[in-house]
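I've put the structures underneath this note.
Both complexes below contain chain A, partnered by chain B and then by chain C.
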Partner chain A sequence: MISILSGIEAFVLNNLVMLPIAIGLLMAPVMLFLRNKPKAQKIAAITVSVLLLALAAILFWIVYQDGIQVYDIGEFGKYGIVLVGDMLSALLVLLTAFIGLFVLIYSFDYIEKNSLSASYYPLYFLMLAGIFGIFLTGDLFNLFVFFEIMFLSSTGLIMANEALSVTDSAHKLEATYKYMALGMLGSFMMLVAIVTIYATVGSLNMADLAAKIQIIAETGTIPWVIIAAALLFIVVFGNKAALVPLHFWLPDVHPTAPTPISAMLSGILIKVGAYCMLRVLFLILYPTKDFFLPILMFFALLTIAVGAISAMGQTDLKRVLAYSSVSQIGYVLLGLSLGTTAAIAAAIMYLVNHALAKSMLFLTAGGIIHETHTRDLRKMGGLITILPLFSMAFLVGAMSIAGFPPMGGFISKFALFQSAVSGEFWLPLLIALLMAVVTIFYMFRTWIAIFWGENKGSLKEADADPDVPVPAAAPAKKHKISIEIALPIVALCAAVIILGVYPEPLYEISNIIATQILDPTEYITTVLGGAPR
Partner chain B sequence: MTEVFTALTISLVFGIGIYMILRRDIMKIAVGFSLISHAINLTIVTSGIFTGTLVPILTETINEHAGFIFTDDFANGILAPIVTGFTENGSFVDPLTQALVLTAIVISFATTAILLTLAYRISEEYGTTDVDELRRLHG
Partner chain C sequence: MSTVIVKTMARAVLIVAILFSIYLLLNGANVPGGGFVGGVLFVCAIALVYVAYGMKYINNRLKPDYLSWVAYGLLFASITAIAPMIVNHNYFRSAFTHYHLEIFGIHIGEIELLSSMFFDIGVYFTVIGALLFILTNIASDKIKETDESESDRADLLGESEDFSLKPKAPVKTGATNVTADITANMTANTAANTVANTEEFK
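The block that comes next holds the complex of A and B.
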């Protein structure tokens, strides 16, 4: 018995970097086979999600203790595909597993039963596998493959049916069409950029590329094609991260997706763009920084401004949150574009805090929509007595996004502005501060519109308003919120507050990550150290 | 000379693809997307084939004459791979781009399939294949 346990332990520790991806990929067909047994599916899904969270925590702990972990697939050394778990990957895998678990619990009650069994679970695990793959891969082309896995499965998930339909399926199709068209163009451009780099440098391994491009930069001028590829990568990842001229799909897709998927899209999927910029532009193509940093900064500031100003005028609850996501990802990219260690550390803190707060806000918004049967802010009001839990949760989220102490958002905004002051970036700081004030305005305007004021009857006499789509069995009054909806909101709420009250570990980890990214020597030597067998 | 013609072909296919995705009919857009993906697949293949002439298989005889270094050695300033002693025979064709293009073809196949399904559902739901009619989310 003990030998079996130690055997399992050795297996897990030896294959730790690969396991999250493999389990995600394996669960997709398993869930398809179990589609006639919803109970078994539910148990399997929750068990595997907890297991993934545990694995991510172990991976994070081991990377924190022992440094970067490298896993060869196929034992070809750097000529094959390698998976690399460094601090940045481990942190984001942990974040994804954490949010993914609670989003899954939330979906049990929120997604329509047939849709849940037939397509939701398989696609959900496929998407998780894709996201883990993006975070863990050390190969540029493999990054593209995982990007496509994530993109295609999220396309399917956006069209999943909610138990209580407040969104027309026609709207979903239209939003998905925009997402598909832009995503396809983005992946074509990504292929062109990857092949350009491969044809110039002759490698696809990220560590190898980083080392070789560094040498090219030291010995002479960088070929212009590498600069062109770097700028193409900004377009590709900016498209995923909703950088402003490419942001217009997001306010359509995030609101029309079912709420748990909106939480996943806003929490994790747009962060994938920021992660890839950090990995590809800052790790591999850092010698071209004079070209891409000013461009990134300009568009990041534009993103902050356009997102915040658009969010002010929205009347749709989820659209406000979606535009807020656009604005907030601008702050993350601004932190990256400042380029100093402190600024990148602040951007990573911002990314984590925004992921937690925004996914919690989306889940809360879904709960509110579940009760009121409308997404229109003008038809809500006075819900603070009827939905006290949601009002508290939304307040916590709004305070975190707006940057109020003691929430996590305060710490990250403070660190970002401090790094801008110490780097003497006065104009970006001014714009960012101005838009932070706008953020406070639109978040609290939304909170007041939902929870204060007069009850407009969306809960009491919903039939009076013909515009509100009310199903026959509409809840006429306050009813009990199910545990599947309450638990994720409370858990994410707690995470937001804990990261605000006790930010020291995250601050320390972010600084380690920023140092690792800007000085990739450890990454390069660890990955290239292993000889091909 | 072949390179020039290949480059012209790629740019022509790419241009037709761009023209097609600027059309209003959703089916023409789908065709445009697949044309662009073909143009990019051609780009991937051509980035590998014109550099070498030898078939990329390591046989014993070749192995004897050549000095291969596959392992990095930072202490001595060696960054692998280093392939020497081959210049008189010519160099290898890059086999990796062909593996890459196969993957890219499969992925673009899947994406196009989803796009076509979506196009069918949109034509059912909206009663038209004109993308300019997809404006219910405006505002």
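The block that comes next holds the complex of A and C.
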């Protein structure tokens, strides 16, 4: 018995970095096999998600204790693909597994049964595997492959049917088409950028690339193609992260996707863009920072302003949240573009806090939509007596996004502004502060519109309007708040408050990450020395 | 499309194409080919049969469930990748061995047996399942025919029996009036109905 346990322990510790990806990839076909047995599927999905969360926690703990972990896929040695788990990767894997677990629990009740069994579970696990892969890979081309896995599976998930849909399938198709077309274009440009780097430097291993580009920068001038590739990477990852001139797909896609997937898209998938910028631009292409930092800062400020101002005028609940995501990712990218250790640490804190708060807000919005059968804020009102839990949860989320103490959002916003002050970036600070006020306005306007005022009886309202046909899938029955819908909201709410009241661990971890990113010596020596090459 | 020539050729080509696709699959580890290309060739052969004989012909005989092909293929591929982890190697580690093939004591040649071949087989089935799933789904999509024109014609000819139908659209009032007049002249039986109808429209 003990030998079996120690065997499992050794197995887990040996393959710790690989296991989240491998399990995700394995679960996709298993779920396809179980597609006629919804009960078994549910049990398997929940078990595996808890397992993934446990593995992510172990990975995080081990990386925190023992430093960077390297895994050589296929034991190919010099030409192989490595997976690298450093603090940044481990933190984001933990975050993804945490949000992923609760989004999955939420989906049990929210997604329509046939859709759930036939395609939702396999694609969901495939998407999780893709996201874990993006966070953990140490190879530039492998990053592209995992990007594609994540992108294609999320495209399928956007089309999943909700149990009680308020969205036209024509709108869904339009949004998916935009998402696909822009995603394909982004993938193509990413390939061009990767090929450019490979043709110039002759390697795809991130640590190797970082070391070689550092040497090139020290010995002479950097070839212009590397600078061009760096700027192209801003376009590619900016497309994923909804940087402003490339943001217009997001307010279509995030609201039309089924709510759990909206939570996943806004919580994790746009953070993938920020993560990749951090990894590729700051780890590998850092010597070109004089070129990309000002550009990134300009567009980050533009993103903050456009997102916040657009969110003010929206009447669609999920669209407000989507535009808010655009604005908030601007704050994260602003933190990156300031370039100091404190600013990057603040950006990472911001990223984590926003991911938790925004996925919680989307899940809450889903519950509200199920109650009112509409996404239109003008048809809501007075729900505070009917949905006390949701009103509390939405208030916590709104306070966190707007940056009120004692929520997590306050700490991260405070740290970001403090780093801007200490770095003496006065103009960006001014714009960011101004838009923070706008954030307060649109978040609380939304909350008041939903929960205060008179109950307008949105069901009758929809019937009275003859031009808008009532969707066939919207019967008069109310969708009861089940435990599957309430539990994720409460859990994420608790996480937001805990990170606000007790922020020291996250602050410390973010500082470690920022130091590791700006001084990649440990990363390079561990990867190049650790793997057999 | 489905002339005798196409049908006959489809039968002849099917066997050759499938054999060649299996050859591509098994040969593709180190030379051009492999699971994906082999799978696509297999799909081409099957698609030719679909074109020649039609959906119904195949569905009546086989009732293929292509989604489970995808599931088997993916499972096969991921298990191949995970298997080395159980024997203390890394994910995707592959092993190979050489095997002398002899028949009746005559040396035929040397075969390279690769464990990554199983991965290729998984890819092969995934590609076949996914492509045929897409093709058959698109092919079985029925175009909804609008029966509006037919019902109009029926109205004009007085063939329509059900006059108590709800008025379809207010735009058509004029046309229905004309039909109502014609039918009222033609049969006394439906006259009461039509009068009621016309009055409703006015």
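By definition in this document, the second predicted complex is superposed on the first by the 507 of 533 C-alpha atoms of A that agree within 3 Å, B and C clash if a C-alpha of one lies under 4 Å from a C-alpha of the other, contacts with A are read in each partner's own complex, and residues count from 1 in each chain.
Here is the rule we use: a residue touches a chain if its C-beta (ideal position, glycine included) is under 8 Å from a C-beta of that chain, and two chains touch if they have at least 3 such contacts.
Keep in mind that what you see is a predicted model, and the values were worked out from it rather than measured.
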Worksheet item: After the chain A overlay, clash or fit between chain B and chain C?
Response: fit
Discussion item. So in the superposed three-chain picture, is A:Trp426 touching just chain B, just chain C, both, or none of them (first/second/both/neither)?
Written reply: neither
Worksheet item: Is A:Ala211 in contact with chain B, with chain C, with both, or with neither (first, second, both, neither)?
Response: first
Worksheet item: Quick one: chain B or chain C, who's touching more of chain A?
Response: B
Worksheet item: Looking at the overlay, does A:Trp224 come into contact with chain B only (first), chain C only (second), both, or neither?
Response: neither
Discussion item. In the overlaid three-chain picture, which partner chain does A:Trp452 touch, first (chain B) or second (chain C), both, or neither?
Written reply: neither
Practice prompt. Name the contact category of A:Phe33: first (chain B only), second (chain C only), both, or neither.
Written response: second
Item to complete: Could you tell me if A:Phe188 is touching chain B, chain C, both of them or neither one (first, second, both, neither)?
Response: first
Discussion item. I'd like to know which partner A:Thr525 touches here: chain B for first, chain C for second, both or neither.
Written reply: first
Item to complete: Once the two structures sit on chain A together, report how near the CA atoms of chain B get to those of chain C, whole Å.
Response: 8
Discussion item. After overlaying the two complexes on chain A, where does the chain B footprint on chain A coincide with the chain C footprint?
Written reply: none
Item to complete: Spell out the part of chain B that touches chain A in their complex, as residue ranges.
Response: 21, 26, 29, 33, 36-37, 40, 43-44, 47-48, 70-72, 74, 79-81, 96-97, 100, 103-104, 107, 110-111, 114-115, 118, 121-122, 125-126, 131, 134, 136-137
Worksheet entry | For the chain C and chain A complex, residues of the former touching the latter | 67-68, 70-75, 78-79, 81-82, 85-86, 88-94
Worksheet item: Can you name the residues of chain A that touch chain B in the complex?
Response: 77-79, 141, 145, 148, 152, 155-156, 168-171, 173-177, 180-181, 184-185, 187-188, 191-192, 195-196, 198-199, 204, 208, 211-212, 215, 252, 256, 525, 528-529, 531-532
Worksheet item: What residues on chain A touch chain C, complex-wise?
Response: 11, 14-15, 18, 22, 25-26, 28-30, 32-33, 35, 71-75, 118
